[in-house]
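Some structures are shown below for you to check.
Below, subunit A partners subunit B and then partners subunit C, in two separate complexes.
Let's look at the complex of A and B:
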């Protein structure tokens, strides 16, 4: 049977790879400005301008209750690095960040691997794990404060199990910071699970099947195929956790108010607000905020650079 | 790659967020065409939204030309919230219980004239550079020691202590029976950790040197001086002897109040506003509440108290005359004063005012104890609650509260805490 193959000619302008006539440069700039301006305006007003204003304040001794404001150059920055209170808050923030970057990442990966299956139960469990993420941090803080109280659920359970002197989770200065880190980790866990699940669903089955045929066991398959392909998920989780932990304020305000005692759980963000709005030293607090911004940006930048190197393109 | 672009946007926004601060407010607006004023309040277990709304309504019923937009401080720390509002150009027209320190000196608050203050018992209390920026509306004794008569009886204590030595003896007896002698709090409300320290400072510092804070401002006394150190050692010793449970520093104020009502400890040093809960039929415990003034070494009466706590007005209020009119009407309204007695256990310091006859038993206990101080002329300042020129420098109160928790938890010694307070004072000066 003969096959009638007909060909039709396609206009040149419609061929793949062809371009529309290029607009004049002025017109292109006008369109770029037109479409870009609203976003740029919002970003400038609500992000760049406040940062610039903060930086300006950081070069002064601004105290709204003790005028006049004087230009002090970099004095606030010099003072910061000899201020034991700021250095304590930097240490507290660093410990908190390290825990919050590691715990939800590790636990989230484990849970995501377990939930990477089909069925209503797994869908329901994904929702359960994600729920803390959508709760207000104030609600989470209040609930956990009650649970970790000496008369709360956790210590009541420990007493029922025979522990006579359960720990003061939030009242012991040596434990309170770790308790807050665990609360924050718990809240962020759902985010990590979802990101890792998305990553796992992007891993081609063919690769795992081929590796199985070649005799690779589950651990080897995970190490050699799944884990490298999850690199983008790891990058997202790590950077988001790092930034979230570094600027945590609300949990501290609601749960411990920076205590128990002096600065045992006071993060930099908490210290900024205390210095600026309680002690009224807003110039100095602005310098703290700028240093915090620089640290976060640097840490996020380095993390991105390092983790991006691990990523593979399929 | 797509995810990189998304990630970059996400990171940029989150990093930039490190420099921003948010706030929240609850609004209740009136109708248009009238003079609107904003009014900053705070909520507690005693001062509920219903209490505030009813109090506001009584005034707006009297002055229908005024409408009130109620702002609610997100925590009990309304002073910090007022500072945030001031910094963001949203300073309320009228505010209650916001210490004028700082606001007044910077010109943010309007001074009241002597004529506007003619109805108050103590018209000069809380003065800032000689002027009054907060109506001296009521007196609060801070602390009264409320106690659980059942637990005292279980420990074989038949009468409240008259001297400090007796207080320590009674605490030892209670502890021996497995009863926590003192109920304190902390967590997000660190003031609740400090009440016994306020008491020892009253008996050991203010009773001897009533103008101690003025001297501290002048630099002629320090926190490390012997009297202040003795008062602090007394407080630290209570924690060292486990008469104060160090685990209580993580419990917020509302839970602390409930813990005492639930019989979790024998003595509850607290402001006399506790009477509102102690007399509340819904919360009243089955056992009987007693009260005594914190005892001195020699048994003499000392009553720490603070008069002030009333309304202040913004100097830049759009409708300043109406704002002042509202503040005075709110303050002097007999029903509002009676309500402040019933709902917050306060003692109005308004000429000719007498508390209503139907006040509860716990209120009467505290009021009678205050009258003992008035009769013997031994009412002192209540440390950390002072206002205006008699108050601590901005930021030091929080450090002092943190110091109280350091002492309770044993995280720092008395000398370390007092030295750090002198350092903080120097920073704030």
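Let's look at the complex of A and C:
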């Protein structure tokens, strides 16, 4: 092309992507070895390779205390979907996840709207609501066990109020799962509050004032202005809650050990480690783990897709 | 907008709800200073008279439960977050500035690591660590932490790097600085807010981590402060004095850390959240 060199060489920022000259191959490799490789190597060894190994095991009957290991094809997977213990853990995990996605999201939004004011009181209360997020799940579990035990604080209070047969929050097989869901919701609520508060602070005041002048009441203003603008906050909260609830393990291990009764609170995460590291049926447990991974990836992917579409459609 | 009617309603409702959040924290605080048997009898009462027996008893135990666990937790957390910051900043910078197709593949693989439950990889991890001779060692736990949490670090750093103009680095390159020099002298200092987020969040998560140290350090090889609490419930079913003292001392550092660095916590969380 016949272009005047003197005029095109001066403004260098016309096409940012292509303007940088590509480095020679040897130099790029050297930089990769120096900057990219160390992190990727550790990630490969401790995350990617273990997933591949898990998948490999899931096709065998591997049990370190019962050799030899044989290739069994998809038998483990076929067995899983007729295994009532696994199906129960799937059901338990689903119930827990649905509650934990909904309760902190709804309550968190309410509390964020409540706290969306200036002043020392509201600053202090924000600190309070966020505190459970920095507590260890083990500490949270032990304290809540002391509160919800048959003779714990809650039932002592109920008895003092005249309730003769207070419920066994953690000992009744029909209740324990819901108690765990509430404990987990309590712990995650602060996260949702903080994310929604940040979203609310991004809603321009002029919009609400303009709507108010046009005669919109508080409910209408919330529905038509605030709520659509909170879409990104809803997305992040829902995805984080979904992933957190789906992999709950600590609370089950500390509070109920999967009981009371058989498997009433045994989540998939709990079941995988029981089968793999306690019963040592590692081939079978690996198949469970792979199914768990597929479900969590699919659920997170679908949720992101649906909620992101909502953000675009504003 | 102003609260037109009932101006007192909002603060009152907010206070009542927050009480629900304070009860468990209150429980830890009053029961640490209470005699063991009173913890089960009257869990909510004020300690009367308050006693330091639980704490002094824990600190002077012959099996060194507290001091050994505390040392392990400090060593593991410190080493893990330093390594994680350095490695994920370098990797994040490399990936953010690379134009290769492979960099995008690597990024995608790393981001999917954000949702992998530890249960999926813990069984093979024990074998990888055994093959390296690092099972039941603190080094093994540190390496695992680095691999498991590096996606979070990379996620935070690459997000932050998008806002830093590449011209700065190009100018330094024209002046003849090497890539390492550019990274450490020009880029890394600019990443300070992202570094703060990574250090704070990973510090708290690793300190509080339960299942990973439980499995990797194994039953006999000492505990971190979190697995120590778990083991002391199992062993001394009735001795809630010890359990509460341990929980109090395990939580105190994180809580102080949080109260001082609150702003960074919130910024770190919402930085990612509001970008959308």
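The rule we apply is simple: the second predicted complex is superposed on the first by the 271 of 314 C-alpha atoms of A that agree within 3 Å, B and C clash if a C-alpha of one lies under 4 Å from a C-alpha of the other, contacts with A are read in each partner's own complex, and residues count from 1 in each chain.
To be clear about the criterion, a residue touches a chain if its C-beta (ideal position, glycine included) is under 8 Å from a C-beta of that chain, and two chains touch if they have at least 3 such contacts.
Predicted model, so just to flag it, every value in this text is computed and none were measured.
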Subject >> Which of subunit B and subunit C A:82 touches, first, second, both or neither >> reply: neither
Original post:
Looking at subunit A, which partner touches more of its residues: subunit C or subunit B?
Top reply: C
**OP:** Using the superposition on chain A described above, determine whether A:47 touches subunit B (first), subunit C (second), both, or neither.
**Re:** both
**OP:** Kindly classify A:255 by the partners it touches after superposition: subunit B alone (first), subunit C alone (second), both, or neither?
**Re:** first
**OP:** For A:293, decide between first (touching subunit B), second (touching subunit C), both and neither.
**Re:** both
**OP:** Considering only touches as defined above, state whether A:67 meets subunit B (first), subunit C (second), both or neither.
**Re:** first
Original post:
Regarding the shared-chain residue A:236, is it in contact with subunit B (first), subunit C (second), both, or neither?
Top reply: both
Original post:
Touch check for A:194: first (subunit B), second (subunit C), both, or neither?
Top reply: second
Subject >> Touching both subunit B and subunit C, residues of subunit A >> reply: 46-48, 50-51, 54, 146, 151, 232, 235-236, 243, 246-247, 253-254, 269, 273, 277, 282, 289-290, 292-293, 296-297, 300, 311
Subject >> List of subunit B residues in touch with subunit A within their complex >> reply: 1, 3-4, 7, 10-11, 13-21, 75, 79-80, 83-84, 86-87, 102-103, 105-106, 108, 186-190, 245-252, 255, 259, 264, 394-395, 398-399, 402-403, 405-406, 408-409, 411-412, 420, 427-428
Original post:
For subunit A, which residues are in contact with subunit B within the complex?
Top reply: 46-48, 50-51, 54, 64-67, 145-146, 148-151, 168-173, 176, 232, 235-236, 239-240, 243-244, 246-247, 253-264, 269, 273-275, 277-282, 289-290, 292-293, 296-297, 300, 304, 308, 311, 313
**OP:** Using the touch rule from the top, collect the residues of subunit A that touch subunit C in their complex.
**Re:** 17, 20, 22, 28, 31-32, 34-36, 38-40, 42-43, 45-51, 53-54, 57, 111, 114-115, 117, 121-122, 125, 127-132, 134-140, 142-144, 146-147, 151-153, 156-157, 186, 189-191, 194-195, 198-199, 202, 205, 208-209, 212, 231-233, 235-236, 243, 246-247, 249-250, 253-254, 268-269, 272-273, 276-277, 282, 285-286, 289-290, 292-293, 296-297, 300, 311
**OP:** Sort out for me which residues of subunit C touch subunit A in the complex.
**Re:** 1, 10-11, 13-15, 17-18, 21-25, 27-28, 31, 39-40, 42-44, 87-88, 90-91, 93-95, 98-100, 103, 106, 109-110, 112-128, 143-144, 146-148, 150-151, 154, 166, 170, 179-180, 183, 204, 207-208, 210-211, 215, 226-227, 229-230, 233, 240, 243, 247, 250-251, 254-255, 257-259, 262, 265-266, 269-270, 272-276
